[in-house]
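Heads up, the next two complexes both have chain A, just with different partners, chain B and then chain C.
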Partner chain A sequence: MKLILTRDILLRPLQLVSGVVERKQTLPILSNILVAVEKDNMTVTATDLEVELIVTVPLDKPSETGKATLPARKLLDICRALPDGAAVELSVEKERGVLRSGKGRFALATLPAAEFPALEQLQPEAEFTVPQAQLRRQLERTQFAMAQQDVRYYLNGMLIELKPERMITVATDGHRMALCDTQARHPCKQDKQVILPRKGVLELQRVLQEQEGEVTVQITGNHARFVVGAVTLTSKLIDGRFPDYQRVLPRMDDKVIEAAREPLRQALVRTSVLSNEKFRSVHMQFKPGELHLHTHNPEQEEAEEDIAIDYQGEPIEVGFNANYLLDALNAISQEKVRIYLTDSNSSAQIEGVETDGCKYVVMPMRL
Partner chain B sequence: MSEGLSGLLPWHSAQWDALVARRHAAALPHALLLSGPEGLGKKQFARAFSQALLCAAPGADGQACQRCPACVMFNADTHPDYQRIAPKEEGKAIGIDQVRELIAWIVLKSHAAGYKIALVAPAGRMTMEAANALLKTLEEPPDHSLLMLITDRPALLPATVRSRCQKMTFTAPGHDMAAAWLRRQLGDDAQSAGPLLALAGGAPLRALRYAREGVLDQRARLFNDMLRLARGEADPVALAAVWDDFDLRQIVHMLSNWVADMVRLQTAAQAPLTNPDLRTGLAALAGACPGKRLYAYLDQLSETARLLDKPLNARLLLEDLLIAWPAAR
Partner chain C sequence: MALRDSTDFWPRAIIHVDMNAFFASVEQRDFPELRGKPIAVTNGEQGATIITCSYEARAFGIHTGMRLKEARTLCPDVIQRPARPKVYAHISTAIMASLCEVSPDIEVFSVDEAFLDVTRCQSLHGTPERMGRMVVDQVQAASSLPCSVGVSGDKCTAKFAANLVKPNGFIVIPPREARARLEHEPVTALSGVAQGIGGYLAAHGAHTCGDVARLPVSVLARRFGNMGRHIWLMCRGEDPDKVSADAAAPKSLGHGKVLPPGACEREVLLTYFLHMSEKVGARLRRHDLAARRFFIGLRAAQGWIGGTFSLAQPGNEARAIYRLCCAMLRQVWQAQPVFQVQVTALAPEPAGQRDLFSETDQKQQAVEHVMDQVNRRYGEFALAPARLLQRSAMPNVIAPSWQPDGHRQSI
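Let's turn to the complex of A and B:
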């Protein structure tokens, strides 16, 4: 294997994949990256066995094909310290990876490429494209509700459901739920559900940042792959069944409240300062035309605030975790929000007044 | 691993065939508890079976091909669908964090769309919290996963763990098979196979380890010292200083073997012994002390063995044992 390129062309893929190269590695080979040179391109692969990132770089200078694994961190540190635009020659000689630049020569230890646990070619059961901006928006608006290290392991990720002409993302930690339903053109005739683990969601968000264009999504029985320009991200899926989220959506009843988002959000931020630090409970009294917020904590401190709302029904009192309400209000980008309530023991559904497919459900607290 | 120490061992064939048959019938259990004395190659068996399950082209006997990409990765310990947890340091426990990491891995789908296999060895080293954390997964693991727990002391595992696993028991092979295998491994030193096997309770891998550690020489020296102690030619405290560097577990094991043989000799002069090569010396010792003291000493030995896992001063335990040596005048 041998290739000649400039420092900047080599540095970019190394920076992109370094996020999945874990610090505390149990398998030594996982702190390495796989560099594979083909006729006119090079791929750099890193994996932590959960998420795999591949970056493809076209090569214009003649190169010798071959594969090798090289220590990711050290290669990145060397490249970063080389001057801008320096010419770099990378080759494998006697099981050592040798990087030459100017008058410098760096010989790195390699591990056999055949031992690197890279994924084989996938046989996708579904393949389609979505605009990057749309996927990014969908992830941003649901990911905050994912559970973290919950024993119900199927909640430690995000559900991606394909229905005819639609793609729905859902996340829940058992106390609240976020759902985003958008249009997508995909070939799936039957409904399909996969759960992308938390780590895969966060890495995907990183890859989607500040890029325009389309994402190609490939789904197999065990993996989901996202091709974003030169970057291919593949994540394992969670082996489990996601709860039936439709049953969590409350029945739409007559208690419909409309309120300006920002004043409600600010009032909640202010009053929640004096709520119980652990439970963050805020007591909400909805009356015709007015919402009364009340919090108190074990130190006998309390906060009260009234804000104007658009509501004509019977008075109703419900307790909520202020953080969950705030997460939902932060994810909605519209000026006005609508809240659906049933009674004081049922969950509330929050959404923007203009239908955009996003819905948030928050369980009440017993006060 | 040297030749013969990877792959399947001759005395594994019954267990192997049973598992391979269940694999073909698509009736593999999701959790297996492999138990049996130390030194029978249980871990090796579990590893070989794991590799065979992940191999793309296993042979007619169900063994891994050693050539396919999956086997290459497996042999390099980088196969993503195989995990093993063990104590992080020798003599330490398997903690709850290790079990949690294992669970986080096993609930993800497999890399190669086949089995996911996890080995917990030695399973008895799991702390109570770790074992409890594993229960839910042990009861209802995701499809196509196999958990193999390995232990030489199943009684150390909580009943809740044992009852959630199917059991597979390994017993020491017949003397002829074990001795033949051991002689092949020992090469030039083949004649010591008999005493080594006797010392290792018939467990061939343990016998081989003894051979590598030179345990037979140690044994001869220790026996000589015990004879001197019995004749009053040696001082127990000085002896304890000499043997301080040696593995006390090993010393306790040998002393127990000898005292058991002495009890046998007191019952019948021609009784079959675990240490037939030491018959003359043992008979002399047995003749010099009353049976009651031998039994009391056996009790003391098993108590010492129990205390070995505790943070006690090994030198003092050894001094105690030497001072109480029943054959001493």
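Let's turn to the complex of A and C:
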């Protein structure tokens, strides 16, 4: 195997796939990436046995075909430290990967390419395309609510639900939930639900760009594959049943509050400084025309702030984790938000006043 | 206010009061026939380990933690007395309340020890020495029990002073004399400095508090971090530790019990585990706490078996905790003999955040709420799962860290 290219052409795929490679590994080969050179292109593959990322790069200089696995982190660190536009020659000599650039020579240990774990061929049950920017926004607006290392393993990921003409993403850690419902053309006649693991979601988000172009989505019984231009991301799915998210949406007919997003967000940021560091609780008193925020901490420090809201109902007092509210307010890009409350023990729903399919549900804290 | 300018005014004044052989003294007070005799307090009639013993017993070399059998070889006449934890808790509460008359800045250090910060009472009550006498009088009036009192400018020196003479000690070390007074004392005489740190310091040629005070503080800080800086200041008679009235938030909250010999039937273990789960659950609920992770353990010959088990979400239901115990028995226990059970809630937190998909059984929560109310009024386990009719008859033990209020108020 031998190829000649510039540093920048090599660096981009290495940066894309390196997120998949875990820093600590049990199988040594998983610290490596697979570089395969064919006639006029090169593919770089990384996997952690759950998420696999493949990037294809066209080659314009003559090259020798072949395959090798090279240590991902070291190769990336060397490439990053090379000067912009430097010419790079990568080859395999006596089971060592040799990178030459300028007057530098770097010999890296290799492991046999045949041992690199490959995913089985997928038999897609559903295949459709969505605009790249749309999928990216949909992930951005829901991914923060995913659980991290929860014993309810099915929460450590994102639900992707396909309904006729719709694609719904839902993430929740049990305390709050983010939901985004958008239009999508797909061939699924029946409702279909899959749970993409946390890491797959985060890597997919890194791959997606805010630009034109379509993503091809393939779903099988236990995998999901996303093809974005030269990048293919395949992730195993979480085998579990996601909780019924419809059940926890509040009734929305009771107490409706409208408020300007930014002033509310800033007031929460300020008052939460003096909330309990661990539980971040903020007491909110909604009164006609006014919202009173109050926080205090074990050091007996406290903060209070009033902001104007549009509300005509009965006064209600609810406690929330300020971080959950802030996450939701940060994900909403509109100027005004609407909050639906039922009582101080039930969930609250937050959304932009203009319908965009995104909803945020937050469970209160006991006062 | 005149005092503030006089040389008698101390920049900081701390009193440490330590009840002498507390449980044993209570027994001797309440049962005059025990006075002047060597007595050993054990956990119930069946307890084999000495919780505390009278000064008459200590003269024979008997000490806390010793097996009763061993104590009998030292002194065949030693009298065993079953502990009466509720009485001790009651007396301790009365003593601590009476000490508030001297200063409201009181830290209940354990069931039989307290620190008082009397700095700001000097213009009210007079010199720290005088307030030390007031403490003795208050303890006497509240309990008629002996105590040792140390008065100094910091907690460490005050505790050191109270430990110098027992029983009925009264030592005053003015803050300006503290460093000189500690100069030749071994550093391990200070509270909180044990063999580990002492050994490290000895390797650096520092045996006495004076030696440590002369070491550069960075030597201690590099090895022990902030604790090292703290010890360095303690050795100079400048312990910065504040007398804090509030108990720190609990790091863990648990109950354990020693099993009767040869108990290795599953059914017996289940009863013990249910017993401990009910205790931990009730105590978490009483303080409005919940925990996600629990240590569930059994002590076998080779050490603890078991480990950390997690609930789906933080909880305080006895049933849920008990289910973890059952899982532990199924997964880990191989019918080997065991002699102790332990159930501990790790990192309990305020049970405030509600869950969207709460699978907690509303009915069960309501049942436990009623049970808590009944038991608070009519005593522990007045209402309990039927299995607990077979629970251990071993009495509850009062922990050394017992406090009159808060989550440590538990027997």
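Simple rule for what comes next: the second predicted complex is superposed on the first by the 284 of 367 C-alpha atoms of A that agree within 3 Å, B and C clash if a C-alpha of one lies under 4 Å from a C-alpha of the other, contacts with A are read in each partner's own complex, and residues count from 1 in each chain.
To be clear about the criterion, a contact is a pair of C-beta atoms (placed from the backbone, for glycine too) under 8 Å apart; a residue touches a chain by one contact, two chains touch by 3 or more.
Predicted model only: the values in this text are computed from it and were never measured.
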item: First (chain B), second (chain C), both or neither touched by A:230; value: neither
item: First, second, both or neither for A:281, with chain B first and chain C second; value: second
item: Touched partner set for A:319, first chain B, second chain C, both or neither; value: second
item: First, second, both or neither for A:222, with chain B first and chain C second; value: first
item: Touching partner for A:29 - first (chain B), second (chain C), both, neither; value: first
item: Which of chain B and chain C A:243 touches, first, second, both or neither; value: second
item: Chain B versus chain C as contact partner of A:116, first or second or both or neither; value: first
item: Which superposed partner A:151 touches (first chain B, second chain C, both, neither); value: both
item: Footprint overlap on chain A, where chain B in one structure and chain C in the other make contact; value: 151
item: Contact set on chain C toward chain A in their complex; value: 249, 310-313, 349-357
item: Residues of chain A defined as touching chain C within the complex; value: 150-152, 172, 174-177, 243, 248, 278-279, 281, 298, 319, 321, 345, 347, 361, 363-366
item: Complex contact set, residues of chain A against chain B; value: 27, 29-30, 49-50, 112, 114-117, 119-120, 149, 151, 153-154, 197, 220-223, 236-240
item: Of all residues in chain B, those that touch chain A in their complex; value: 69, 72-73, 76-80, 100, 103-105, 107-113, 136, 142-143, 145
